[in-house]
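Each in structure tokens, the structures are laid out below.
Shared chain: chain A. Partners: chain B in the first complex, chain C in the second.
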Partner chain A sequence: MLLMLRRPFFWIIALAVVAFALAPVVGNDVSMRESLLLDALYITLASNLNLMLGYAGYVNFGSIVFFGLGGYICVWLVNSYNWPLIPSLIVAGLGVSGLALIFGFGILRLRGAFFALATIGVIEAVQAFVENFTPWGGSAGVYLSGEIFKPLGGPAHALWIIYFMMVAVMGLSLYLSFAIKTSKFGLGLLAIGQNEDAAAILGVPTSRYKALVYSVSAFLPAIAGGLYFFKSAFIQPSDAFDLSLSTEALVVGMLGGEGTVTGVAIGAFLYEELRGYLLTSSTFANFQLVVSGALLLLIVLFFPGGLMGFIYSRFPRTQKVLE
Partner chain B sequence: MLGILASIIDGVLVGLVYGLAAMGLTLIWGVMDVINLTHGAMIVAGMFALFLLTSVLGLNPYAALLPVLVGGFLVGVALYWISIHRMVGRPPLMSLLSTFAVNLVLIGVGTAVWGTALFNVNVSLPGITMGRYTFPGAHILAAVLAAVIAALLYLFLQHTRLGKSVRAVANNREAAELVGIPTTRVLAISVGLGVALAGLSGVLIATLFPFTVLSGDGYQLKGFVVTVLGGFGNPVGALLGGIALGLLEGAVTPFVPVSWTLVIEFVLFVLVLIAFPAGIFRSRRGAL
Partner chain C sequence: MKRLFLLAAAVAFVATPAFAQDTITIGFTDSQTGPLNVDSLGQQRGYEYWRDEVNAAGGIKVGDKRYKVKFVSYDDQSVGGRVQQLYTRLVTQDKADFLFSPYSSGLTAPATVISEQYGKIMIDSGGAEEKPFETGNKYLFMVITSASHYLSGAVDALKQKDPNAKLALVYSDDPFSKAVLAAAAQQAKAAGLQIVMNESYSPSTTDFGPVVNKIVSSNADAFLGGGHYSDGATLARQMHDQRANMKWMSILVAPSDDKFAELGPAALGVTVPSQWELQVNYKPQFGPTTAQFAKAFQEKFHAKADYHTASGYTVGVVLQHAIEQAGSIDTDKVAAALNAMDITTFFGRIKFATDANHHGLQVAHQMVLAQWQMINGKLGRQVVWPPEAKSADLLYPIPAATQ
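After this line comes the complex of A and B, so read on.
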């Protein structure tokens, strides 16, 4: 852990997080805060998906399940049991991680494409469960009362606190990606991504590592989901398990360069800014899926290394600094 | 007793159509180890082709099968060159992502044009009555046509030169290349066939149930389950897998809500993959 302090990349992340936290405060700019909140959310989702996609080479089509379930658990604890926000978030994170570990052990024997298909099954299972689970409001969802913002000093103040917490979650995601990449666990995952048979023969406990990374990649997205739906004070299955968010996390990961920490973060930032632009221009609002699809196809076909692949090949020295 | 018999017949009728819906997916999967995630969108394309051909041109629904077969084949060949050709032999991750991207584009265009409203095509055929139970004529005809199409595919794969090349490429692409089979062309033709089959199954499903732009997903998911039940690329296996799925659905629907059937099917998918990695109904090695 102390060794990480000596890596320049550690300080680059710290700088980025501080810049995120301070940028809207300086001008007291609320619209900038909302846009940066979404950026932080995308960076969190994409970085955690990248643990599976970029490191272990496994596609998880259902990463949104973590986000949605985390949101549901948090909203439920706040609404039905009057829990404060922070413990609800922690329970949401741990609960979803635990569930992911159980699911992970269920599907960990599957390899490659089969694992990816099983993650689609996980979405179906969770969605069917939530839509039939009456304590969570079934398909109608749960509304939170305005009272919940009181302990945080009223709605206006609460939104700032939520923003800082989301930025903190983003920072933790980046540090998690960085820490795993420089650890033995990360090395094992990268080996699985290169050649799973060879990794297993060399002594990497492949099944355990896969289940573990599936579970780890669930923790922070669940907390981000809790924050997000606490902020909107409303949750329903079609928002919580919106498949396009899962998809966008994949597009973002490929755009930035799967397996890199910097690239995925920059990719998420760029994509979210682009999307913000596309959604406001009325011609493109209907074609958001088409645009992400076309973008993904072009990247997969012609730039499989993504943005960072391009930067690494142009400026090889950056590889030593930017993970 | 009659009730059980009726639900078995119903399961077989629906199952044959599920089998056909899975056949294109399993063919492409078996030949080039590519999971075609546009399969659901192609089924929907077949449904909307039927809708347009019957409502605009006033064609008989079953006469739409031929233009859909030809159109589907051409679309499939185009799909091969756009999204699959560069991915063959690369990690499965890449072809999953590239076909997924094409699927997003297709679904995006579909929802922009038609929205997510419900469409249906009316087919009225006399049914067969058995005591208290009536089997709709459209169901019976769809099941028979599904079986006929599967039989034609089987004959094509077993007894024509091109079909044998497809099987050879599935078995070992390098060896096939060495004995002079133009493998790239065979791969493009296989994707064309796979997509044409998806379109045909879309036509038959649309004669039975109402559909939306998004209904392909459910059939694609069932296709995965059928594929692992029936083994890769084997038309007979796909039909048997489809029938097994149809019977299972008939057996569980009295006890659980409809939204849970897909979950049960997916649990089955995982269990089968763990227990029989090569599929239950797979007869021998390289069965394609």
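After this line comes the complex of A and C, so read on.
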């Protein structure tokens, strides 16, 4: 762990987190804060998905289930049991991680396309369950009262606190990706990603590692989901288990460069900034989907290795610094 | 020389506006993309149509000043997180004085967190659920009737026509339909009607064969349910094809679309609860009459006005009336005017709940019940309930399928 402190990349992450935290504070710019909050959310989702996709080579369409379930558990504890936010978030994270571990041992016996399909099945199953689960409001969802923001000093103050917490979750996600990549566990995952049978023969406990990474990749997205839906003061199944957000997290990883920490984070940041800009730009607002579609196509065509693949090949030295 | 003088005068005229023009900025998001894009369009047209009319008439009168209306709007992609980002931007960067709601209850709830936080009035025409109004908001106001009253008229009419009717409640498993039918079930029980079937189906259902068989074997003679366009229309068609021979059919949403006429004989006799219909004839104390509204809308958009448009337009009318009553654009003064408001517009009577537990909920506007009938040999909708608003008599029972 202490070794990480000597790596320049550790300080690069720290710098990015501080920049995120300070940028909107400097000019008291709440609009910027709202945009950066979505950036931090995307970075969190994409980085954790990258643990499965980029390291272990498993395409997980169901990553959004962690986010949605985390949101539900947190909102439920806050709304029905008047729990404070932070314990609710921790329970949401641990609960979803635990569930993922149990699920993981089951569905991670599947590989390739079968695994990918099974993860879509997980979304559908969880969504159907929640839609019929009355304590969570069924398909109508749960509306939170404005009162919930009181303990955090009213809505205006609460949104700032939620923002800083989201930035912290983003920072933890980046450190988690970094730490796993440089560990023996991460090496095992990369081996699984290259050739699972060979890895198993060489002594990598593949099924344990896979279930573990599935579970670990659930923890921070669940907390991010808790923050996000607490902030919205509303949760319903179709928002919580939105397949398109899962797909976006996959796309972002591919844009930035699967298996890298920097690439995925920058990919997520640029992707969300681009969407946000196109939506509000007076020039592009009316055909923002066309523009973003065309840009994505160009990037996939000309930079198949993603952003980091391009940077690594142009500036090979960066490989030593940027993970 | 004279020409030069004229030119100078023209330049001077353009450069220094003769009257300092004041504007009121109103912000909202609409769902141009995502699953809500079709439903959102009607509301958005209603908003824009109102703005154009007001500005053409010189603007909103505040004391002896006139304010033009300016809109700022963005696409929320039908996503709640985006709604908060954009409403924050509308308030802080675009300096919106007032807000209109996005479409649907699910998007209005997140927007409310922002509007309440900044103390901005937001008027809502796109979400019929009551829950967002039970959370102690101060600046949220709804112009449409809430979900729990959608089928009250149908239950009343049915009770009058046949107190021994046996009801089948079959509806889409989505928040709105479930809320409507849960309330209808209670109202039916209170009215002494018998419910023989109460079931929901998945919103993506495309074949209702087994469902219809079950309805037939339940011996129901009245049907209440549906959800959105495609499932409601398919249900109506399959009920007809399988000769379910209901005496009464009330379906949510789908029959209020003119496309429903394509079902031919299957559409005949089907009733639909509606916030507003072209035949509705209230005497407005403020704003246009239904006839004026419908005619001008038809000329502008080359389409018939529907209730989404009418409710969107009403949002504007209500805000305008409140501002003129308050004689100010100060939020608290306008909110006070909204709290005190009790007016009839072409959309119906508008009055908001003022108690803390339901603040802003619509309490005066009433739904009407429209029925598909033959009008001069063609299928069309007639308002049949309540009796004081009807444009034709209620057809009961629905004539049995012939062939």
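Please note the rule applied: the second predicted complex is superposed on the first by the 297 of 323 C-alpha atoms of A that agree within 3 Å, B and C clash if a C-alpha of one lies under 4 Å from a C-alpha of the other, contacts with A are read in each partner's own complex, and residues count from 1 in each chain.
Just so we're on the same page, contacts are C-beta pairs under 8 Å (C-beta built on N, C-alpha and C of every residue); 3 or more make two chains touch, one makes a residue touch a chain.
Fair warning: this is a prediction, and the values are worked out from it, not measured in the lab.
*Asks:* Of the two partner chains, chain B (first) and chain C (second), which one does A:A156 touch, if any: first, second, both, or neither?
*Replies:* Second partner only, chain C.
*Asks:* Could you look at A:A233 and tell me whether it touches chain B, chain C, both or neither (first, second, both, neither)?
*Replies:* Touch status of A:A233: second partner only.
*Asks:* Can A:A125 be said to touch chain B (first), chain C (second), both, or neither?
*Replies:* Touch status of A:A125: first partner only.
*Asks:* Between chain B (first) and chain C (second), which, if any, makes contact with A:T182: first, second, both or neither?
*Replies:* After superposing on A, A:T182 lies clear of both chain B and chain C.
*Asks:* Identify the partner contact of A:E147: answer first if only chain B is touched, second if only chain C is, both if each is, neither if none is.
*Replies:* second
*Asks:* Once chain A of both complexes is superposed, is A:G138 in touch with chain B (first), chain C (second), both, or neither?
*Replies:* The second partner, chain C, only.
*Asks:* Just to be sure I read the superposition right, which of the two partners does A:L289 touch: chain B = first, chain C = second, or both, or neither?
*Replies:* both
*Asks:* Return the residues of chain A at which the contacts from chain B and from chain C coincide.
*Replies:* 131, 286, 288-289
*Asks:* Enumerate the contact residues on chain B facing chain A in the complex.
*Replies:* 35, 82-83, 86-87, 91-94, 96-98, 100-109, 111-112, 221, 224, 228, 257, 259-260, 262-263, 266-267, 269-270, 273-274
*Asks:* In the complex of these two chains, what residues of chain A are touching chain B?
*Replies:* These residues of chain A touch chain B: 53, 57-59, 61, 106-107, 109-110, 112-114, 116-118, 120-121, 124-125, 128-129, 131-132, 247, 250, 254, 286-297, 300-301, 304.
*Asks:* Write out the stretch or stretches of chain C touching chain A in their complex.
*Replies:* Residue list for chain C touching chain A: 32-33, 35, 74-75, 77, 79-82, 84-86, 88-89, 92-93, 106, 109-110, 112-113, 116-117, 129, 131-132, 134-137, 173-175, 178-179.
*Asks:* Which residues, counting only chain A, touch chain C once they are in their complex?
*Replies:* Residues of chain A touching chain C: 30-31, 33-35, 37-38, 41, 131, 138-141, 143-147, 154-156, 159, 228, 231-234, 236, 238-239, 242, 276, 279-280, 285-286, 288-289.
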